[in-house]
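Taking it in order: structure first as structure tokens, then the write-up.
The letters A, B, C and D name the chains in turn, as written, and every chain counts its residues from 1.
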Amino acid sequence: MPLFECKHISKTYGSVVAIQEASFSLEKGEIRAVLGGNGSGKSTLAKIIGGAVKPDAGELYFKGKPFEVNSPSQAKKLKVIITSQELSLLTNLTVEENLVLPSIPRKGRLFIDKNAMKAKASAILEKIGLSSELGVLVEDLPANKQFMVEFAKSLLQEPEILVIDEITSALFRQEVEIFKNIVRELSAKGCGILFISHRMSEIFSICDSVTVMRNGSVIDTFPISEVNEDMLVGMLTAYKENIGGQTKENRAIEQSDRVLLSVKDMTLKRFGTRVSLDAKQGEVIGIAGLQGQGQSDFVRTLYGLNGHVHIRLDDKELQIDSVHKSVQEGLAFLSGDREREGTFSVRSIAENLEAVNSSALSRKALNQKRLLDSYGVKYDNASQQIRNLSGGNQQKVVIARWTGTNPKVLIADDPTKGIDVQARGDVHEIFGDLAASGSVVIMVSSDDEELVHLTKPLKNSRIMVMYDGKFVKTLMGEDITVHNIISASLPREGVVGK
Amino acid sequence: MNTFKRKLLNWSSFPSLVLIIALSVINSFLIPHFFSMSYISSFLTSYTPLIIVAMAQTFVLLGRGIDLSVGGIISLVNVIVVTLFGQGWSFPSAIAVGILAGIIIGVLNGIVIGFLRVTPLLATLATTSVAAGAALWIMPFPGGSVPIEYVMWYQSNVIGFLPTPLLFIIISILIWFIWKATPAGLQLYSMGRDIQKTYVSGVPVVWIQFYTYVSSGFISAIAAIALTGNTGAGDPLVGNTYTLFAVAAAVIGSVSLMGGSGDIFGAIFGAVFLGLAFSLIYAIQIPSTYQDLTSGVIVLLGIIGASLMKKRKRTFSFKPSHIKPIGGNQP
Amino acid sequence: MKRKITVFLSLLVILTLLLSACSSNKSTTGSQSNGQSGNFALEYKSKKKDGFIIGFSNGYFGNTWRSQYVDGVKRVTAELKKEGIVKEVNVQNTNGVPAQIAAVESFINSGVDAIVINPVSSSSLAPVVAKAISKGILVVVSESGADYPNTVVVGGDNAGFWRIQTKWLAEQLKGKGDIVEINGIAGNVSDELRTRESKDILKKYPDIKVLGSAPGGWDPTKGQQAMSNFLSTHSKIDGVLVQDQMAGGVIQAFEAAKRPLPVMTGDFTYGFLRMWKDKYPDLNTMTIPYNTGIGANSIRVAVKLLQGNKLKPESLSPNPLKKELKNTIISTVPYVITKEAQPDAPWMEGEDSKIKAIGLDEAVKMGEGKGESIAVESIWTEEEVDQMFNKPAN
Amino acid sequence: MSMEMNIEKSAPKPSSTKMIRNKLKPYIPSLSIIVLLLILGQILSPGFASLGNIGTIVSISTVLAIAAIAQTLIIISGNEGIDLSIGAVMSMGALLGAVLSKGMNTEIWYTVLILIGIGIIIGLINGIAIQFINIPPLVMTLGMTSVVNGFALAYTKGLPSGGAPEILVKLGIGHLGPIRWMLILGIVLIIALELVLRKTRYGKTLYLVGSNRMAAIISGISVNKTVLLTYVIASVAGTLGGLVLLGYVGSAQLEMGKDYALLSIAAVVIGGTSLTGGQGTYLGSALGSVVLVLLTSVLVAVGMPPGVRVLLQGLILLLILLIYSREPKLRQ
């Protein structure tokens, strides 16, 4: 008898089918990877299992009995826990308060037992290597630590089924190791684990089996030993030749020595440092570094989000005093945080597309259908709300919003976060095309491999590594490797004066 | 010592405390006997209902709701207590029924907002009509009375020098501490910050919402009992003016309308600030046609002042402080 | 979950009981104001002859009637200050019971000699008034009815105001027809006193049918909306019994509906009178100023009392809210304004001889140079006030 | 990308009837309540649903609908946007309108100009405090209410001179043929506002700003300008709406527009505009205004003790909200 079983689950949002007749089962102690492209229904499936989304049809069984829950709290009572990239942490509470929120220890049935709460929290924090964060407000934690706390929160609930929805994407290497150990430990105890991730290396290093989903359907499930990366990717997508540029030829980009964008001694407020950058026409620049070393600060400052900056663009000296000005001058900014900085969720796809073009720049309307189709956006009609699209499709609309205006410089801050392999390849291709047409692309990514995939195949490209608010290394050509990025990212004597 | 200082400076209610101190200094020059016991006791007699109703509002605001029905509840409780007493009920039992009525309106709010998911602003706008209409129906015309002993007791000192109104405030604070000490206290703050995340964390959020509105109804009823000690009679329109002042007091006390931050002491300070502002206007003889303008400007300055002080604390980052990036590169 | 609710509810019950128990604690016997049998205000013993400080608390502020009422207080204060009798009159406008209590408390704390109060509630200011009196402060209730013990009331003549107008309307309709009523604020004393009166009068005219009555809150906007509603649902409306400020709104409603203007009561502002004279000379209406001078009158009476003068028994009438309490000087309506002066008309029968029946032209003339929203007003002269008091003994 | 995929991914266009139904959908609740209330009114008081009365009710609704202009725009602008000061601003517009125009037609343009100026100032203060000092709109406009009321009182000393110029009275109660000017004004406003919201750059931007402020900033939209402009338009609509109110009532009175603050919020929400911003139509708000006016009218027409009327009004409003103005369920 499987530990958990889904039979013919379906769910639609409006006219968009999220899951269609999905079935699979999970054994006791099994670590199962779930792999799928954008809108393949992984996250919806996770939410259905966790009780936060109600399926339209289908049956769920847990330990052989029907699993009928009406809320996350009921699922939690049955020890079916989900932990997701959409963190469930409340930023105004402390770490320990967040950890115990699902089941607050009580004394005398009515009151909170503060001591028990602290004890419970410190035990788990020690396990994940964050004991020093006891009592700290979650809003004061960096993102990677927030993800670890989110993970710890699920552990505290002693899961028998644990669904992990892409929480490793923001973690550091050493944290990923801790994470893997804990997952293995859970599995040894008999917990069934669903691991949703795009990171192949993680999938291959911890999972026992893998379920592939596409377009809301379960394609198949394999023991991990029977598949390799290429096979999986092949199953995910109809055009495997584009993935990550691995099999792709170097693109011919118009050679140009003309400096399109030049920044001199731009101050990064948070670090008190000054940085400079010259970018030539057609260049793709990857910005790398450890989490929070100023990569985001750099691109955001450059875009005018942190106050006045002085730049030289297309042979013009410019005082950028607002984002509006940046956009007018041909800068574009793509954020990976779609929900907050990308989409206008209650507005239509068409309005989302026109946000920059007609609202900010008052230009003539775009050819929307052509744009959407050329990026392969899956949609019903352009007047439907964008929130009905899957995450990856939403991000494509946001990208189309910018490329439709022919920007001179495209700045991207971790633009492929939470996007599947296939869409990621599409995005890289779009960036390459843009550079080929003479623009500059500057991209920050938390994923070193991604940066390598983006820049390596291109001639006019480099990776700049940041540490403590400064550029510490520039990698070009054959030097562009994950290994070199990591070694340049780490603090070394001579680089950091402290 | 240093951590105490830091804690104090970071305390959400600190700005309103500063406002109170500033206004007290001004008032002490302009109002004779400002620091006398008799002044303080008469101040408390007058403003205790406002202080309490601001606390009631705080419960709801913390959970990212709003309760516009508090004024209606006060009127309703007031006329019920007076009417029942007039019909020969014992005063304590009349009070018990009155408080029950407050709770019932709170329950109505809680059901409509928590379970049936109507926007709080409009739901309570509708229930305030229900409460106020019921009050007017029960007592179409001001009148009746409560035992004179009760009025005397309310306006005297309960033990030695402790003014009785403080007792009502203390009871309300007690309710707050009970709330805070239970899981519901933690869940309230978390719900105020993000209801969806709190729901996903397995917290029964609709019940927490329900409790906040019931508590608000209950505490507003306490405010009504205090007010009845001050008026000694029934009046179907008596609570009208409290609703918006309660919101203003809470906001001046840095209780966020966005939920999840602030505490009950901020609300108390905010209410005291309003009281001091009005006292100031009564004391300095402003021409009557300019009084409304003056009080309006003072209240507005209070709001702006509290906001500015709060803002100074978070200088870094252009993002609203309540939403932090998820997985972005910023710490 | 059920357990939680039980715990929660029982907690509420316990707290409720606790609170009830506290409240029933009759801890103080207290010295209840002054033990004397008479009325403190009527028996007021003068402490000084001049330089009085008076607190004037006006419990509602938000229409032009009140503005003029308060303005009257200021005008008479200026006079009295010039004479040196009064040192200061601190006028405080507040809205709502709690604010008015606070304002009166503040007067008590600042040590005034007398408080003149236009209470926003006929009942709810009793404790604070009693507190003031217990501190030896003279309290005069102005305009609005309230039956607070140990006070003197200088009351507006709500009863007379509405009695005469209702009678007039009934007479114009010759005792027969369909009318609608647009009243003030439900739960307000003045409105209650007025509507009681019209009910009594209309009982005597069985053939006059009241089609409906609606509260207009003395707000012309609401009055107009109510009238529009009546107009649309009743094809025949012969008369409208509408209180003062809303009369203009009623006319607008009729105009908008393109219906002939009915027999209706009017407004006492010069704006209305001029409109009546110039624009609607054929309109069958009348008006009685509900006297904005009552505030000024109250101050005058308060000063006399402060000086130790005693009111003649015949100056006092029973309190409109409590007949056995004889503490009220009715500030009778000064004029009855009809198209032509009709002093002998049936509606004037039995009314105070001080009420003057005047014609529209005369009334308009009185208002020359005055603003549209100014109401016809009459303030007692010092002599008139003197006549209400016994001659000083010395 | 292959052609094959394009075909697969662009779904068929929905039929035109379906489009129309979708467009009408947001208005169905208010329209059905209007019909229901008219029938109820007709039963309780024959003649209620007559053409004349419907005209009257629509005209009365126009005043509320003007307040709803401000409320709709501000609520669409998002970020908890709400305007509690609109009632006070309208009262002030009426009072100053009477005083400045001295009741004369000749002074009307001068009056309008000054009122627009004052509206701009109030809107700027509101907008700046909300946008730059981060004061929640509810609180800022609440504070502004007492300041505006206080200002109007101080300026007029509570005794406004002048009156309603004839031209305004004509607008307020006059007819063009069989149709009331107010009805025409209402229709003109609906068309104008819908055009502004749908066709102008400001309108399109407003929806985006209301939907997601941060995304709007990133997209290079001048969010501050849009929000400030919205508060300014709202206040100007308020002061000029005060003139319409003055014409409708015929005389100025302190706080005569007081009730419109909360009523307009209710109208907007009944009209299907979500309080979270980024969505909504003005036509909906106008229909919501009609619903509210109709509700009061039915209750007045029936005749009952005042307390009961208020109570019933509350219960019916609650019922309306329950039927179709509910927030999404927590569980999707």
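Rule of thumb we're sticking to: contacts are C-beta pairs under 8 Å (C-beta built on N, C-alpha and C of every residue); 3 or more make two chains touch, one makes a residue touch a chain.
It should be emphasised that the depicted structure is a prediction, and the values quoted were computed from it without experimental measurement.
K.L.:
Please indicate which chain is farthest from subunit D, where distance is taken between mean Cα coordinates of the chains.
P.N.:
Result for the farthest chain: A.
K.L.:
Check C-D against A-D and say which one is joined by more contacting C-beta pairs.
P.N.:
C-D
K.L.:
Give, as an integer number of Å, the spacing between the C-alpha centres of subunit C and subunit A.
P.N.:
70
K.L.:
What is the distance in Å between the mean C-alpha positions of subunit C and subunit D?
P.N.:
Computed from C-alpha means, the inter-chain centre distance equals 35 Å.
K.L.:
Rounded to a whole Å, what is the gap between the Cα centroids of subunit A and subunit D?
P.N.:
Chain centroid spacing, subunit A to subunit D, equals 42 Å.
K.L.:
What is the distance, in whole Å, between the centres of subunit A and subunit B, each centre taken as the mean of its C-alpha atoms?
P.N.:
43
K.L.:
Among all residues of subunit B, which ones touch two or more of the remaining chains?
P.N.:
Residues 136, 140, 199, 204, 236, 289, 291-292 of subunit B each touch two or more of the other chains.
K.L.:
Please output the residue numbers of subunit D that touch at least 2 other chains, ranges allowed.
P.N.:
If we look for residues of subunit D contacting two or more partner chains, we find 153, 157-158, 214, 306-307, 330-331.
K.L.:
Using the touch rule from the top of the page, what residues of subunit C touch 2 or more other chains?
P.N.:
Only 61, 67, 70, 186-187 qualify.
K.L.:
For a test of understanding, state which residues of subunit C touch subunit B in their complex under the given definition.
P.N.:
Residues of subunit C touching subunit B: 1, 4, 8, 11-12, 15-30, 32, 58, 61, 67, 70, 74, 88, 90-93, 95-99, 101-103, 105-111, 121-128, 131, 185-189, 192.
K.L.:
Can you list the subunit B residues touching subunit C in their complex?
P.N.:
31-33, 38-39, 42-43, 45-47, 49-50, 90-93, 95-96, 99-100, 103, 136, 139-145, 147-153, 155-156, 158, 167, 171, 175, 178, 204, 207, 211, 214, 218, 222, 225, 227, 229-238, 240-242, 275, 278-279, 281-283, 285, 287-289, 291-292
K.L.:
Can you check the complex and tell me which residues of subunit A touch subunit D?
P.N.:
13, 15, 47, 51-54, 70-71, 238-239, 305, 322-324, 326-328, 333, 335, 340-347, 351, 354-356, 358-362, 369, 372-381, 401
K.L.:
Of all residues in subunit D, which touch subunit A in the complex?
P.N.:
Against subunit A, the touching part of subunit D is residues 1-2, 5-6, 9-11, 13-14, 201, 204-205, 207-208, 211-212, 214-222, 274, 276, 278-279, 330-332.
K.L.:
How about subunit B: which of its residues touch subunit D in the complex?
P.N.:
66, 112, 116-119, 121-123, 125-138, 140, 195-196, 199, 205-206, 236, 244, 247-248, 251, 256-258, 289-297, 299-300, 303-304, 307-308, 311, 319-320
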